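Each of the next two complexes has chain A plus one more chain, namely chain B in the first and chain C in the second.
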Partner chain A sequence: MNKYFKIYKIFMANSFSYEAQYRGDTWIKMFFNIIWLASMFLTVEVVFRHTSALAGWDKGEIYLMTLFWILADELAMMIFGANLPQLPDTITDGKLDIYLTKPMSALFAISTKIFLVRSLYRFIMEIIILAAVIWKFDFAFNLLYVFFSILLGLAGIFVLYSFTLMLNTLAFWLHRIDNVNVAISVLTSLGKYPVEVLPRTMRILAFTAIPIAFTAYIPVAALTGRSSWHGILYALVFAGLFFWGAVKFWNFALKRYSSASS
Partner chain B sequence: MLCFLLLKFRQGRGKIHSIMYLQLTKTWLQRHLSYRARVVIWAVTDIAHIIIFPFIWLSVYGQQQIIQGYSRADIVTYYIIIGFIGLTATAHISNVIRLDIMEGALNGFLTKPLPYNIFRIFHELSYKIITAAIALVLFLIVRLSFPEYLIMPATLTTWLLFFLSLIGAFAISYTFELIIGFGAFWFGETSALNQFINLLQMVFSGTIAPLIFFPSIIQQVANLLPFKYLIYFPVEIYLNHLNAGEIIAGFTYQLIWMGALALFVFALWRRGLKSYEGVGI
Partner chain C sequence: MPIIQIENLSKTYEYYRKPAGFWNSVKSLFHREKLFAEAVKSINFSIEEGELVGFLGPNGAGKTTTLKILSGIIYPTSGSAKVLGYTPWKRQARFQKQFALVMGQKNQLWWDLPAMESFILNKEIYEVPEAMFKETLEELTELLDIKNILDVQVRKLSLGQRMKCELVAALLHSPRVLFLDEPTIGLDVVSQNNVREFIKKYNRFKKTTIILTSHYMEDVEALCERVIIINHGLIVYDGKLQKLLDQYIDHKILEVTFTENVDAKTLARFGKLKERAAKRAVIEVRKDKAKDIAVQLLTKLPVDDILINEVGVDEVIRKIFAGTARL
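Entry: the complex of A and B
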């Protein structure tokens, strides 16, 4: 374990040094991020021009859900978002050999090699916006709910990681499916809306095969006191099992790797 | 766009025959079909980003029958048609062009007896043949499954006008993709530019919601930009929400934007080639 901490520290140091070379680019992307956030909030505003509640959620709660989704997405981007999307090309081009011959877990290296520093800056900015939203809508949260919400948010990151890993692992069979990451991004972005608006079949999918409910809906439901204890338990167990399943699937798929280059 | 194509056709100076274009289409089709999973994933992506909106709006409607002139069936149809447009009239070529420029693959195309842009137009059109087939199948499935939520145009004229507006929408979408792709001549990495244009498009094209649902200031800005002719204008034609004057004005603006963007793209291409370093030569 200690070895992996040391390796991760090196990965982070490399990432910070890389980022320092492209400071201008970081600021440009930060600017675009603000516009992107504005477009998210505009969507909420447009919807609430025509209603006072969406499937039982008021405007402040929908803002919370949007921000939770943004934060989860940013954390995911920071930790593995620049790494896993490279997997299909790495497999197809036979570059996986480089990772397999290293004296550490190939999955660890592939998932964490690049720490996206600019996401860290954005994450800090988004936390400030979250604080502003909590202040503006005058939320008062129960501390226990806050604890469960953070715990479930972290579980949501595990679900997101597992979902991304599983779909990228399909590249062992399908090759050249790097665009699957655009699909993942589009699908998971649906998680910033309350699942109650969806019909029953899609709601079931949101809690199982296409787990879009875990990054924002479930944590915010816990934060606003809407979750039952068995709902919280389900989310935590699902996150653990889904992660376990994704790693198993990766190990299974790895046996198919024929190495195009060597 | 049409002028741009004609210009390129003239550059071929009559040597290029229709059989050549047919062969080009067949070659690209074979290439796209050899990566079927990619095509399916793009199709899912094009549809998925709007799939939740009909449900959100149905929830907003509640007991209301009409919001801003849109009935419940109108709003569901609106998003289904956006999905249809995404599959049939939205281009995705910018990343291919960016890679051609950054990795030097453009060198190979420049030595061929056909203009590069012709190669890429047929690349995109052949891809659209596949996605249009997917769109038609999905359209029929939705129509048969939920006839009450997918309104069909009452007249043949509406269908015709809708398809004409789709051609215009595709031309504008394609020129935007060229602008992003040619950006690689100067910036190399164009993801920020791509993200920016996509954002503008999402807000001002009517993808999030019909533009009439937005505050008036956003509607006024949208009227000054070309993005509404990608989505909002064709869907409004489909839903029969426009009178004759509005349709004529819409097509006029669509043509003006097509021409202006095509000229801009042409200038970008000429200037870009001058600064192209030809990696790998």
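Entry: the complex of A and C
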């Protein structure tokens, strides 16, 4: 464990060194991120001009859900978002070779090699916005609910990681799946809405095969006291099993790896 | 006891045939013809500790596939392999800490960062103690003469400097077995020579077992006492290099340019005339007479330029097949 901690520290240090070389790029991307955030909030404002609640959730709660989704997405981007989408190319171009010869988990290395530094800056900014929303809407949370919300938020990151990994692992069979990460992005973006707005079948999928409910809906439901104990337990067990399944699938797929001609 | 032992090792790749053209592309969405390529066919060999073995063959012969199986990158279709007593494709950390793979056409260094950052990363991956890391780094950078480039971004280094850094990255944990897959490919003659000299010294001092694949006969001649030749997935020769050279390379090729036309009859007196064009000729001569004949050509004929070429490894393999398929 200590070894992996040291390796991750080096990955982070190298990512900071890399980012420092492209500072201009970082600031431009920060600027566009602010515009993107503004568009998210504008959507909420437009919806709530015409209604006072969305599937039983008021404006402040929808803001919370949107921000939870943004924070989960940002954390995912920071930790594995710049890595896993490269997996199909890594597999088809034979770049996985080097990872497989090292005395460490190849999955750990390909998932975490690049720490997206600009996502850290954005994450801090988004935490401040979340604090402002909590203050603006005068939320008062139960501490136990806060604890479960954070726990479920982290479980949601594991679910998102596992979902992304499983779909990208298909590259061992399908080779060119360039669009898979666009599809993941489109699907997971639905996670910023309450699942009650979705059709029944989609709602079932959101808690199972296409687990979009885990990034924002489930943590915010816990935070606002909407979750039952068995619901929280289901989410935690599901996250664990989904992660385990994704790792098993990866290990199974590795047996199919044929590298590439040199 | 051999440090590397391979028995009846085979590897078959699956691939698909897709004829060219738009409609064929559409058709291939629904139906593709599955084909199989046998890259390695039931090969056997063993290597003792400290040996430096040349693994030769033309493109697609199965060299890299064998190295990839031995380093645990891919699974074989059948057969067994043991490296340092481990089955490579089980990818046990204890095994991975004792070998290294350097591929001339792939790099493990971080492209946008100085090589030193990759060395520090490898130190943690291989859990090399600080003192040993410093000592090995000092030793390797001294031998390869790259102390002054460790803080330069990898992308700004020349190909030769990059390969030297790749070697350092691969050797920091002092592996007992080293797989070198075309380490001199694309390098200029000076860099090729530097890398070659380094490998020779390293093998001599560290007694590391090395398998080297290369298309350059100079690499093999300079480094390997023993060679294994593979073609179409079969081992066609496994033995001393000298025996192979004596048996199959008995000639060199002289490529001569003249200042005026020289007739074929005159040229044929010097050796076997392989090609002739206006003011240019390619002559095959006995290996031990090559220098003398070159001198004679220079003194007796109006020579503008002359090149003495070694016979390539591909030609050696062709010759082996012209004689017998297995020795």
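Everything that follows uses one rule, which is that the second predicted complex is superposed on the first by the 261 of 262 C-alpha atoms of A that agree within 3 Å, B and C clash if a C-alpha of one lies under 4 Å from a C-alpha of the other, contacts with A are read in each partner's own complex, and residues count from 1 in each chain.
In the analysis below, contacts are C-beta pairs under 8 Å (C-beta built on N, C-alpha and C of every residue); 3 or more make two chains touch, one makes a residue touch a chain.
Treat the numbers as computed from the prediction; the structure is a model and nothing was measured.
In the superposition on chain A, A:104 contacts chain C only, with no contact to chain B. Look at A:258: by the touch rule set out above, it reaches chain C but stays clear of chain B. With both structures placed on the common chain, the touch criterion links A:130 to neither chain B nor chain C. With both structures placed on the common chain, the touch criterion links A:151 to neither chain B nor chain C.
In the superposed model, A:190 lies in contact with chain B only, and not with chain C.
After superposition on the shared chain, chain A has more residues touched by B, the comparison being chain B against chain C. Across the complex, chain A meets chain B through its residues 25, 28-29, 32, 35-36, 39, 42-43, 45-47, 49-51, 54-55, 170, 174-177, 179-180, 182-183, 186-187, 189-190, 193, 196-199, 202. Residues 35, 37-38, 41-42, 44-45, 48-49, 51-52, 55-56, 58-60, 62, 67-68, 189, 192, 195-196, 199, 202-203, 208-209, 213-215, 218 of chain B are the ones that touch chain A when the two sit in their complex.
Considering their complex, residues 3, 6-7, 10-11, 13-14, 17-18, 21, 94-98, 100-104, 255, 257-259, 261-262 of chain A touch chain C. Interface residues of chain C facing chain A in the complex, by the touch rule stated above, are 13-14, 60, 64, 68, 71-75, 91, 93-94, 96-97, 99-101, 103-106, 108, 110, 112-113, 117, 120-121, 124-127, 181-182.
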